[in-house]
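Which chain is which? They are A, B, C and D, in the order written, and residues in each are numbered from 1.
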Amino acid sequence: MKTRIKIQTEPFDLGPELEELSQGAGALATFAGHVRGDDGTDTLILEHYPGMAEREIARHVDEAARRWPLLGVTVIHRTGELKPGERIVLVAVAAGHRREAFCACEFLMDHLKTTAAFWKQERRGGETRWVETKTSDDDAAARWK
Amino acid sequence: MKTRIKIQTEPFDLGPELEELSQGAGALATFAGHVRGDDGTDTLILEHYPGMAEREIARHVDEAARRWPLLGVTVIHRTGELKPGERIVLVAVAAGHRREAFCACEFLMDHLKTTAAFWKQERRGGETRWVETKTSDDDAAARWK
Amino acid sequence: MKLLFFAWVRQKTGKGEEDFALPANVATVGELADHLRARGPGYADAFADLSRLRAAVNQEHASFDAPVNDGDEVAFFPPVTGG
Amino acid sequence: MKLLFFAWVRQKTGKGEEDFALPANVATVGELADHLRARGPGYADAFADLSRLRAAVNQEHASFDAPVNDGDEVAFFPPVTGG
């Protein structure tokens, strides 16, 4: 399986990442997350635990590959300062069939939200606060147990 | 909601389609299907019912938008002769949050497989046969009832 | 009315589309299929087993009980296999 | 050992990383947190409520009962909010 995990401050484009991953795969399911500005957030600041964040993601990718037959997984997560509309995260899964590609993609997103070592701050009109864990995210991850 | 439904013989790239759709959306879930060559198929020939195929897809997009709050949907389906590795279909859903984007994307794929007016032929070593409906596809669509 | 055939129905009947005058005694999709089956060997083959066929009236999936009227667009085809 | 602090734990303690000699009477993550709490006002604030904190030992999520040894990399941080 082709696994590609990147944590980076630079923006990235979907096209090159996805075209390469989809080579030879019947099914490609992807998720891209973007900074929302509808709550007045003007900057999102992401911090991560270098080393541990990558390891956690790699562990979830391994677990997904144990659960479903996968051909390739790409996870890209940005850190640093992001503005509304900017892409934070990409999870892309290549597989033979759509069901396993969708399942693995959702599984990885749910676990990224709850166990990967990232922390978010929101800046809104000069005030900065740490984003707290959402119960809905914990619930989403728990359904895979 | 931005809806874009295209049935075309020309190949298409993921990048431009997805970058545009993801503008202003917190979440983008996508599925791309490609011709598999692992069963010896050397050409896939797709035929559709012009007019009805687009209407069926539009109806499913409307139904998805009734079920989940969506910001945009793009469906592109190729017809004509396709070789292994070529992309047949793209379903991309932009929404505020990941759960609804994933659900709507899977919903649309499951219904595309079972009710949109497309028919596939497989050519393998000079022999051509019509692809038959898969029970697993009917089951996948039935779970949304 | 307009008749349309897709996939192997098109191959067996030898045509994809035709203008067709609806006979007076044909009121449903199923009766239309029965009528078409009697038109010749290709049609007999295409319409031999209605359980393998699906139909649409005016571009909407329709059952074999559905009414047909002159002016309708009626299509016959095998179960779809898109995506 | 190496201590790491992230997010508001880092802000409250005023540092992200430090080399630290594990005291002889500290055997678990929880005992280490108790020890750090006594280091001064910033630490007292950061470690005031352990239910708001998570820990990792050698880059693996760890409970407050988990053992710590000199040479370990131990990190304290709030619940993660990635993606």
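Note that in this section a contact is a pair of C-beta atoms (placed from the backbone, for glycine too) under 8 Å apart; a residue touches a chain by one contact, two chains touch by 3 or more.
Only a predicted model underlies this, so the values are computations on that prediction, with no experimental measurement involved.
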| item | value |
| --- | --- |
| Most remote chain, CA-based centroid, reference being chain B | D |
| Inter-centroid spacing, chain D versus chain C (mean Cα positions, whole Å) | 73 |
| Centre-of-Cα separation between chain C and chain A, whole angstrom | 49 |
| Intercentroid distance (Cα basis), chain C paired with chain B, Å | 26 |
| For chain B, residues that touch 2 or more chains besides their own | 33, 109 |
| Overlap residues in chain C, where contacts from two or more other chains coincide | none |
| Set of all touching chain pairs, with the criterion as stated earlier | A-B, A-D, B-C |
| Residue ranges of chain A touching chain B (in the complex, touch as defined) | 13-16, 18-19, 22-36, 38, 85, 87, 96, 98-99, 101-102, 105-106, 109, 140 |
| Contacting residues of chain A [partner chain D, same complex] | 33, 47-49, 51-53, 55-56, 77, 88-89, 109, 112-121, 130-134 |
| Residue ranges of chain D in contact with chain A within the complex | 4, 6-8, 10, 56, 59-61, 75, 77-83 |
